[in-house]
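Okay, so here's the structure we're looking at.
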Amino acid sequence: MTQHPSDSALGSGNTGTADDSTDDGPLTVVMPDGYQAIRHVTETLCINLDPEDCLAQSMADTSPAKWHMAHTTWFFETFVLQPHAPNYKCFHPQFSFLFNSYYNGAGERHARPQRGLLTRPSLRTVLEYRAYVNDHMMELLRNDSCDRAADEVCRVTEIGLHHEQQHQELILTDIKHLFSKNPLLPAYRAPLRTRNDPIGSTEGLDWITIPEGVHRIGQGDPSFSFDNERPAHRVFIEPCQLGDRLVSNREFRDFIADGGYDRSDLWLDQGWLAVQREEWRAPLYWRGGANDYSEFTLSGERDLEDNEPVSHVSFLEADAYARWADARLPTEAEWEVACKGRIVEGNFAESGRFHPEAAAIRPSRATTGSTDQQSPSGVDSRLNQTGSGEPRQLFGDLWEWTRSSYDPYPGYRPDAGTLGEYNGKFMCNQFVLRGGSCASAQAHLRASYRNFFHAPDRWQFTGIRMTKESA
Amino acid sequence: MTQHPSDSALGSGNTGTADDSTDDGPLTVVMPDGYQAIRHVTETLCINLDPEDCLAQSMADTSPAKWHMAHTTWFFETFVLQPHAPNYKCFHPQFSFLFNSYYNGAGERHARPQRGLLTRPSLRTVLEYRAYVNDHMMELLRNDSCDRAADEVCRVTEIGLHHEQQHQELILTDIKHLFSKNPLLPAYRAPLRTRNDPIGSTEGLDWITIPEGVHRIGQGDPSFSFDNERPAHRVFIEPCQLGDRLVSNREFRDFIADGGYDRSDLWLDQGWLAVQREEWRAPLYWRGGANDYSEFTLSGERDLEDNEPVSHVSFLEADAYARWADARLPTEAEWEVACKGRIVEGNFAESGRFHPEAAAIRPSRATTGSTDQQSPSGVDSRLNQTGSGEPRQLFGDLWEWTRSSYDPYPGYRPDAGTLGEYNGKFMCNQFVLRGGSCASAQAHLRASYRNFFHAPDRWQFTGIRMTKESA
Amino acid sequence: MTQHPSDSALGSGNTGTADDSTDDGPLTVVMPDGYQAIRHVTETLCINLDPEDCLAQSMADTSPAKWHMAHTTWFFETFVLQPHAPNYKCFHPQFSFLFNSYYNGAGERHARPQRGLLTRPSLRTVLEYRAYVNDHMMELLRNDSCDRAADEVCRVTEIGLHHEQQHQELILTDIKHLFSKNPLLPAYRAPLRTRNDPIGSTEGLDWITIPEGVHRIGQGDPSFSFDNERPAHRVFIEPCQLGDRLVSNREFRDFIADGGYDRSDLWLDQGWLAVQREEWRAPLYWRGGANDYSEFTLSGERDLEDNEPVSHVSFLEADAYARWADARLPTEAEWEVACKGRIVEGNFAESGRFHPEAAAIRPSRATTGSTDQQSPSGVDSRLNQTGSGEPRQLFGDLWEWTRSSYDPYPGYRPDAGTLGEYNGKFMCNQFVLRGGSCASAQAHLRASYRNFFHAPDRWQFTGIRMTKESA
Amino acid sequence: MTQHPSDSALGSGNTGTADDSTDDGPLTVVMPDGYQAIRHVTETLCINLDPEDCLAQSMADTSPAKWHMAHTTWFFETFVLQPHAPNYKCFHPQFSFLFNSYYNGAGERHARPQRGLLTRPSLRTVLEYRAYVNDHMMELLRNDSCDRAADEVCRVTEIGLHHEQQHQELILTDIKHLFSKNPLLPAYRAPLRTRNDPIGSTEGLDWITIPEGVHRIGQGDPSFSFDNERPAHRVFIEPCQLGDRLVSNREFRDFIADGGYDRSDLWLDQGWLAVQREEWRAPLYWRGGANDYSEFTLSGERDLEDNEPVSHVSFLEADAYARWADARLPTEAEWEVACKGRIVEGNFAESGRFHPEAAAIRPSRATTGSTDQQSPSGVDSRLNQTGSGEPRQLFGDLWEWTRSSYDPYPGYRPDAGTLGEYNGKFMCNQFVLRGGSCASAQAHLRASYRNFFHAPDRWQFTGIRMTKESA
């Protein structure tokens, strides 16, 4: 259903700013080493999982880890090896049916909600499948030179690696969801370290000003991007201000304590219906209530950390929170403009933490020790402040819901062929998220990157950044 | 569910262009005569309906005519008479519960899908209810002068009249849907006259150029508008071209004949799911197939008229059609800019036709007799043409699906109080439509007017205008 | 869905005991007068209903009164006039489609849940349809003599009249359900008289002994019966005892007060699921709680009468109540044996009350003034008593749920042809009810009569008679 | 949902006839050896399954093998060890929540449709759980002597072992269903041997006469039985005849070829709805059509064997088939009477075949070589024959659907306490099956044994035996 874009600067280094793409389109992944490195990450993510853990599917939106491993492999087999590797013989004649996700152009496929029933092929067989395809891919990539056919191999391989990174993130979010459904609440990784720095994000919020005017957004340079980021184009932005960090657990607790889930006036109509239908009383992985919330993490359940950003909220909750705080969510254009000239850095999957962190302390504030920033109520003070500090947590930690429906850019053209089903056909009833999360590969992100999910979705690592009109 | 905005220039004349609103905000409806005139239209629309016709509800999205009559009356009772008419006594203590639509702020309400069960109050009683409220309203409006309280009365009354006009349109669309479900296929009005002019819209399509640049859209003047049209703001538009008329039945038949409903590659994912789930094979009210389609109209069933614009298509079908034709739907900003300086005129409800008409012949074309404009296939010729003629059918005939999700404008603020539930809370998973239809009151429309429905909705008078990037 | 059998002794008198049917099969209805009389009752039942009341359908299980009026007429047109009346011309070519209920053998039909959308034909037209068919039927019946063809006309006409009586009962139960859904709680008839006799049914319960042995049940004589009552056959009954009256509202209140709806151990699995899914806390038409229950009746809402039998309970509630009272429901064979030699008399539709009455005072008890029969707790005393008094309320008042699934009798053969769809095809997942109700025609009932509904159904006039094994 | 009774004669020998139970109630299982033997069978059944195979749940009606293994262990822990083993310490504090099936009396439980999400505890841990509980059970059973407490331990242990045998059968049926959903169609066991004897069951059918009169059914002796088989009681049976073998695949193919799935007149209303809703065109595990059906078995897919009995049909299909063949299904009483004096022998799980076999050739027929029994059409000849041969396949091969709803016997009392939830609460909307199947333990069956499933259920090993009235 929901489908997810991606990118990778792995190999080409990640030192440039987010929009300095003026070269003439070299691969962002160095072949064949980049192929090997990215593919290897997938196995690494599953190394602590039992075969049983890799089989189960906790809802129609998620997929088993084993399926992710096989599907990403199917991608290379179908779109690279079959058309381009001479005499390539498919690993198994039925895997094409079993591991196609949603590409109508690639034929029939196994029903999505029944992925958890595929006890066979076993995990072992899927790992053999991966090795088999990797061997053939490496052979193909090694022999490749720069003739016309080779370009096509590299181009599709690059897409396949970005696709792989997207599924790496999904392995994490889907396992988290699966484990949360198990009353034993198993942990995917070792406990999170206790942070020594109690000072965190709940100091008052600063606001970053976006000046009015015509801005250029979208991906205009020839380096890798998904079709939904193109073409680069101009937008007019009315003046506004973005919060300089994500909304924290403490702030969201204030929202709940103030009756946030009980007041219909704070919610979109779809939101209020969801609150009642799903009986939402808190973010997805919170348990308990009032002053003793616990939170399920990939390290198991633990006490809620007030300073960490609130995560696993739906667009509907993010929107309601912002309305309660007399603010709104940013548009995707506002968000992207705020990233201009900034490096993609933050709390990404590479750290292995797989959990958002409290915003770093603002240097200026820290030195001046402005302790008065934190008012008792939290909210009013936030909104009365203005400033022009540095934005924090733009990349990593949590995907940020924007107020923008996932619509095509002016002049949008999907990629040709079956791969054109990747993004465009989902441009209906979804909302754009920006910035990547603690489960995303750092090399996968860029400022123009558009992720998208449905308004009620909560199982991704999603958070809230507030915005308001300039006074 | 889906909810609908409105406006009325009735009384103030409708002679200005669509955006010449520079006065300082007089009422667009002259009171109390405008009140009486608009309210009277509602009864007129129901004059040929039996009490039984006025009771039935054909699906959860529609409402019985009787309910529309009572609900619009409840609006004045609740928002004008109760707060402002001294000693006003409600007509019936339970009508507030029965006839509230979705205003959480106005208390509990009868379940929407059960509106068709309200055999009591009888139609006769509802008509008495209307008369009773009208009497009190007229008294209040006559006594009103220009003090502060009076302004509030007039302001809310004006909203109520625009609201009434929206429900007048819904009476027509809902009766059409209801009658279409009856195997007897009853007619709401007398047969449509046979047109003497066989020359119609299927001459080749011209394209209207929208120049790139910063444009201003939304309602900025003080005359009436709904909150969702405000504030006026700047947008940047990349250069593009809009079709100069709506897509015709003949053209849509070509789409079907070319396998339009069978090719997944033409559809958004939501669209392809809907095609399969709903077994769509043609627009909502078409029956038969291939070369002998008939169409259900408010005048009963009759042969499909090739030159009339295709109607009762969903956003999903409009989008698929445009993709098939190598075009796209316009954004709402593009559409609004195309209206600049144009008068609101067209085939509206006032004509009593309640059915879209073939586009008028282009003056220039008609005189030059350019019969070669109509290629056999229809489509290719359309798209190869360019031009800068006058757009036709921008207003009236059919609501035009835009490619724009129904999102808030920058700086949007809902109206204060319960009436603020009117528009803003529906800004999720709906698409904007523009221009009004043959079931809309002419005085109700303006260029900035934003209607909105869900992507699969088909029972409104909806049509397709194509757009493409400038070469 | 649920479908309902019937019979009529109208015309032949109702003086015999329920099982003395030894004659050789004369019609139980004298033609043509009986035809006219029974048909006329239907119009009479609708005389106080508005056309709007006759249109609405409150759920898929119910039908509009107008539909009942038309469907019963369709029966005569389809099964009598079309095959047997020379040159008969159908009233309207599409009524066969509109008013077929579930006879696959009689062709396609309008979808059941959409009966409430048939605003056309109007009520007036349906009444004309009735008159038209009646005229032709009367002509046919008058000219009929006793040749072979005539027998077939009379046989099917007789079935049609029993069928009409079943739908007369449904008109009442369906209107009651519809009106109960209207917050205005309209009344179908004038208020129930206040009873002057406060002494009622809550005196202690006596038990009627059924002796063990082989009994004959089912209809064995040639007078009218439905196919599901045939053939008469032998059953062995182990000794048991039936309560001599229906369970009262007061007794059912005790069940509720004792946590009846909160204790899973009292319920069948299907029952406990229904309690949770439907949030049952009391019988269908009760409102309020604890000591101030009100009950919706065909005379509107009024205070609950403790001595009246509890009505509008599902099989699942009846079963749970009996288990709570350390008893069980009777089998249909036990019930039928208890009727041996008894006249069909009781509180039927003919009285126009349309509501069950408290059981009559037992003559013997009344004279001996055994006031000690009524213990404070009600239940224990009931079950410790034994006796062999006269059973009360076997016929009329309320249909009595039995513990018997609706299965075919040994040797059962459905009637030939399309009319064979009447009963047999519903013999799955329904339960048998016996004895008729205050909404049934007295002449329609007999001891062998088998009604049947689904376990969760509550909108019929249904009640509870307890049974226990003999000590 | 559907729940299943059981019994075991293991240890006491299985040499008696099915109803010679006149002893005074010794255990039918010799402890502790019987405990160990029966428990061991469960592990054996799973020996060829991967941990992944043991996790997945293919629909809400089925359960994972791992869950079956844990749930049966939970039974002993909850009902034997906790109340009776001094100082017993539960293996894991949350297993009581995870592995309770439906006993409300035993507390809350994990949602049934989410059993497939329990990747933890791992299969290994569940096997340790089994070993832990077995150790404690063996210790308890060894120390037990015949005092009062000991009787309770043995009584409940015996129930637990019958319960275990029921779940052994479910492991097989649930794995079969799971594997059938996998496009790879994996095999649970080695291929079925090819039978050398082509002569099979499609010789003409003989009929076994059941004489009319009062018969005694149900379990009256003190050896083990489930509460739903008690008390023994008398029934009257009208004379009838039972088919002497199960209906074969060939015969069922004739039904299909004759339009069996296309003719509404052959079906119960529920059946016809199911045919349309589920798009039934053949028994559950058939694939292909007309003359090339294949069938999925626990040995994988193979060609359909005409002489084997048709299996995996619902009650609704069995009923339709019988109606087509101008016969009916037997009542459970008729079936049980036909078993009088017969030994429980047949094709049971002990053989490891796990698939029904063609009926053995009738000795008498075989010698007389009555080849004329088999008419071309199959059906007419079958029904015109009468005879009084020996019934075949009464036990084993396939559970036989009866025409009897699963109702309580007269005088039925559920077992006391939580174990009373075992059977009685499911006595609503299910049908009785008799005789056991190729997946049942032979020692588990007896003539009075009542199994029960819902009318549309098809995933059990179910078949058809025809019955007709005596001429």
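Letters are used for the chains, namely A, B, C and D, taken in the order the chains are written, and counting of residues starts over at 1 for each.
The definition used in the following text is that a residue touches a chain if its C-beta (ideal position, glycine included) is under 8 Å from a C-beta of that chain, and two chains touch if they have at least 3 such contacts.
Predicted model only: the values in this text are computed from it and were never measured.
Chains that touch both subunit A and subunit B: there are none. At the interface between subunit A and subunit D, over half of the residue numbers involved are used by both copies, so each side presents largely the same positions.
Annotation, subunit B versus subunit C: rotation angle of 180 degrees from the Cα superposition, expressed as a multiple of 5.
Each chain gets a centre from the mean of its Cα atoms; for subunit A and subunit D, those two points are 50 Å apart. Chain centres here are Cα means. That of subunit B falls 61 Å from that of subunit D. Multi-chain contact residues of subunit B, defined as those touching 2 or more other chains: none present. By the touch criterion stated above, subunit A contacts subunit B in their complex at residues 1, 102, 104-105, 214, 233-238, 240, 264-265, 267-272, 315-316, 319, 328, 331, 403-405, 407-408, 410-411, 421, 425-429, 455, 469.
Those residues of subunit B that touch subunit C in the shared complex are 50-56, 58, 94, 97-98, 110, 114, 116-123, 178, 181-184, 186.
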